[in-house]
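Look for chain A in each of the two complexes below; its partner is chain B in the first and chain C in the second.
Entry: the complex of A and B
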C-alpha cells in the first residue's frame, strides 16, 4: 500500500461533515431567531409610529377645538352668530351602532374650530370597517365650513377646498378608540355631544334644553364649553402575529362606566394602548384665584405665555 | 516517513480558521441583537416622551394649583385612592397610566405583559415645581432601564 495516498480519510470526512452540519444548524437557528425578533420589534415599531402620529393629530385638533377668532363672527362664510358658532365645539358620542368599531364600544369624536375669519374646520375621528374584512381603521375626515357658504361675497362650495380629507385612513387594525372629556374639576363630562350622539348621551339627556349666556341650547351642546381636558385611548393590534403561543386579552380603557371593557379571544397578535392627555385651550378656562391681581384678565386667562 | 512538500492544510490551521470564522459569526449575531435591542429601546424612549408630555400638559391646564403637583413620585404599582379635586384626580391618573394598571390585561394564566417603560429598581418618575421671581416652572424627571435612560422635560407654567 502506498504511504503518500492523496485525499481525506473516512474519519476526517465524517468529522468535517459533523462540524459543518453543526455550524449550519447554529447559523440557521440564530438567523431564524433574529429574524423573528426583528419582525416582532418591527411590528411594535410600526404600531407605535402609526398610533403616535395619529395621537399628535388628534391632540392638535383638540387643543384648537372651539377657537373662534375676534373677527370670525363678522366675517365667517357660514353666517354663524355668537350662539350658532358655539353649538358645535367638541363632541363625543359613545358606543353608537355603526360608528363604534369591532367591539361596539368605541367613540366618535368631532371638533370644530375657526382657521381664518371666514373659515371653520370640522374634523371627525371614528372607526371604519375595511371592505371585505373584520378589521377597523381609525379614520379622519375634514370639512371646511360644513354648513355651506351662505354669507354674501364668499366663494361657492368647492369640494377640493371644502372637503380636503375624505375618510382618510390614519391607523390600521384599531381595536378601541376612547375619548373621555373632563370638566374643570377633573370629573367625567357626559353628555358633551352635538352630533351623532350615542346611547350614553341619550341616557344622560343630551337633548334637554338649557339656558346659556349665548341663548338656549341642548345640554350636550352647552356642556361643550365646560370641557377642560380630554383623555384619549387608542388600542392598536399588530398586522402580523408576534407571539409564539395564544394569549387572551382584556382591553380596559377610559373611566369605569364611560370607557370600554373588551375581552379579546386568544390569539398571537401584539396589542398596545396609546394614551394622550389634552388640555383644551379654548373651552373651559383655568380657575384664576381671586388673590391673583398681578395680571390683566387677558393675561390671566392665557395659556401659552 | 512524511514528505516535506505534502499539500493541504494542517489541523492547527483548520482550527485557527474555524475560530476566526466563529468569532466573526458571533460578532454578527451580537450586532443583530444590539440593533434589535436599540429599536426596542427607541420605542421605550418614544413612550417616555409622550408620558412626560402628558404630565406637563395636565400641569399646564391647572397653572394656579402648580404646588399641588410638586414632588409626585410614580411607582410601579397602582392602588386607587380617594380623589376630590382636579390635582388629586390628575395625579391618580398619572399613577394609573405609569403603572399600566389598565389598558391591556392578560387574562390569568395566559402569560405576562412586557411593560414599557419597564419599572425596575433605580427607575424614577418624579415631578418638580419651582417658583421664583413671579415665574412658576414645572419639570418631570424620568429614568428607566435601572436609571440608565434619562428624560427631563420642563415648561414655564405661568
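Entry: the complex of A and C
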C-alpha cells in the first residue's frame, strides 16, 4: 500500500489562513450589521405598535366620554342628578407633582361615561414609574361607579364589580403624554378639569364659580361641556439604544403654554411622538347640523363595544 | 497515469447546508412580515369599519327625517345579518322592536360603502369590501324594553336609538365569527 505523503508548503498554508480569516471576518461583520439593524427596526416597530394600540384605546374612551343615557338619571346607582352627572365628564390636569412623568410636563387624563342605565365608568390615564425601574409607563385604571352605590336596590361595593382589573400598564418607556382639549372654534380649552387640577389649571382659575344651564359649577367643570375635540400626543422611547451616535430630540406637543416643549439631551435612543385627534361627540353637541341630518339632533352616542 | 476519479469533496454538503440556512432565514422573514402585515391590516380594517358604522348612523338619520310616522314593529334579529341585537347591552335580549317602514316591515338597511361613495377602479373595489347595517328602535327604558316611548324631559319629543354596525366585508359576505364588526349606537329625537 502506498502511503499518502502529499502536503502543503508553508506559503500555501499561510495564504489559506489569511484568506480564511478575511472571509470569516467579513461574514461575521455582515452578520453583526444585520442583527444590529434588525434589532433597531424591531425596536422601532414595537414602539410603534404599542403606542398605536394605546392611542386606539384612548380615542375609544374619549369618544364615549360624557355619555349619559336617557334613563341614566332615573336609574344610576351613584344617585347622580342632571348637575352632578355633568361635574365629571372629561378632565385633563397638567403638571401635577408626582404624576407628570420624567420631565414634569405630562398630563393626567380622566374620562367618565355611562355604560348602562345603572353604571358609570371612570377611566384614568397617567404616567407611572414602575417599582425598581426609572422608566415611566402609561397606566390605565378603570373603576365602575367610583362614588359607590348609594341608590336603593344597588349592590354594595365589590372589587370584582367595581374595580374588576388592576391598573394596567399599556406602554413602557413613555417620555411624555399630553391631552389638549379644544372647543368648537378650535380654541384650546383650559381649564377643563373636574377635581385635583394641576398648577396650570390653578393659574387659569378653575375654581371660579360660573352659572351653567345645569346649575352652578366651577369653571373647570363647566368647561368640560364645551370640549369639541381632543388632541393626544404620546412620546415613546425605544427600550434599548438604537443609533450609533448621539442624537438630540425635541418634544413639541400642542400650542405653547398648555402643551409641552421639552429638549431631551442627546443620546442613542429612538424616540417618536404619536398623535391622534378625536371628536368628543358626547360632550359638545355640534351647532350646525349638516343638510343630511337637519331633521334630527344628536343627543349622544355611546354604550359602544 | 494517476486516476482522476477522487470522490472526495465538500461542495455538495456546503451547498446543502447553505440552502437549509437560507430557507430557514427566508421562512422566518416571511412569518414575521406576514404577522406584522395582518396585525396592521386588522387595525386598518377595524378603523374603516368604525367609519362604515358612522355612515350607517348618518343614513339612518336621513331616513328618520323623511318618515311621516314611527311605528314599532317586531324583533328584527332574524332579518339582521351581522348587526345582531345581542351586540347592544342596552337592549334586553329579545326586546328590540324595530321601527317599521311605510310598507309595514321592520326597517333594516344594509349596504356597501361603494353604494354611498362614488369611486372607480381599485378604490371602488376597496369600498365594496366594507359595509354597514342598521336598525332603529325607540330608545330602551332602564330595563331594556323598547315598546314604550321615552320622551325628552319637558317636551313631547320621543327618543329613538339608531343601532349601526360596520363590517370589513361586503354586506352579503360579512360573518360575525370572522370579520371585524364595530357596533355603535346613537340616540336622536326628531324635531
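Rule of thumb we're sticking to: the second predicted complex is superposed on the first by the 284 of 305 C-alpha atoms of A that agree within 3 Å, B and C clash if a C-alpha of one lies under 4 Å from a C-alpha of the other, contacts with A are read in each partner's own complex, and residues count from 1 in each chain.
Criterion: contacts are C-beta pairs under 8 Å (C-beta built on N, C-alpha and C of every residue); 3 or more make two chains touch, one makes a residue touch a chain.
Just so it is clear, the model here is predicted, and its values are computed rather than measured.
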First, second, both or neither for A:52, with chain B first and chain C second: both
Chain B versus chain C as contact partner of A:9, first or second or both or neither: neither
Between chain B and chain C, more extensive residue contact with chain A: B
Which of chain B and chain C A:265 touches, first, second, both or neither: neither
Partner chain(s) touched by A:71 [first = chain B, second = chain C, both, neither]: second
First (chain B), second (chain C), both or neither touched by A:117: second
Chain B versus chain C as contact partner of A:134, first or second or both or neither: neither
Touching partner for A:185 - first (chain B), second (chain C), both, neither: first
Overlap of chain C and chain B interfaces on chain A (superposed complexes): 45, 52, 292, 294, 303, 305
Of all residues in chain C, those that touch chain A in their complex: 36, 39, 43, 47, 57-58, 61-62, 64-66, 87-90, 139-142, 150, 152, 159, 182-191
Residues on chain A engaged by chain C in the complex (per definition of touch): 45, 49, 52, 56, 69-71, 74-75, 115-118, 292-305
Touching residues (chain side chain B, partner chain A) in the complex: 1, 3, 6-7, 18, 25, 29, 32-33, 36, 39-40, 42-43, 46-47, 50, 53-54, 57-58, 60-64, 83, 85-86, 88-90, 93, 97, 102-107, 110-111, 134, 156, 158
Contact footprint of chain B on chain A as seen in their complex: 3-4, 6, 19, 27, 30, 34, 37-38, 41-42, 44-45, 48, 52, 55, 182, 184-187, 228-229, 231, 233, 235, 243, 245-253, 263, 266, 271-279, 286-289, 292, 294, 303, 305
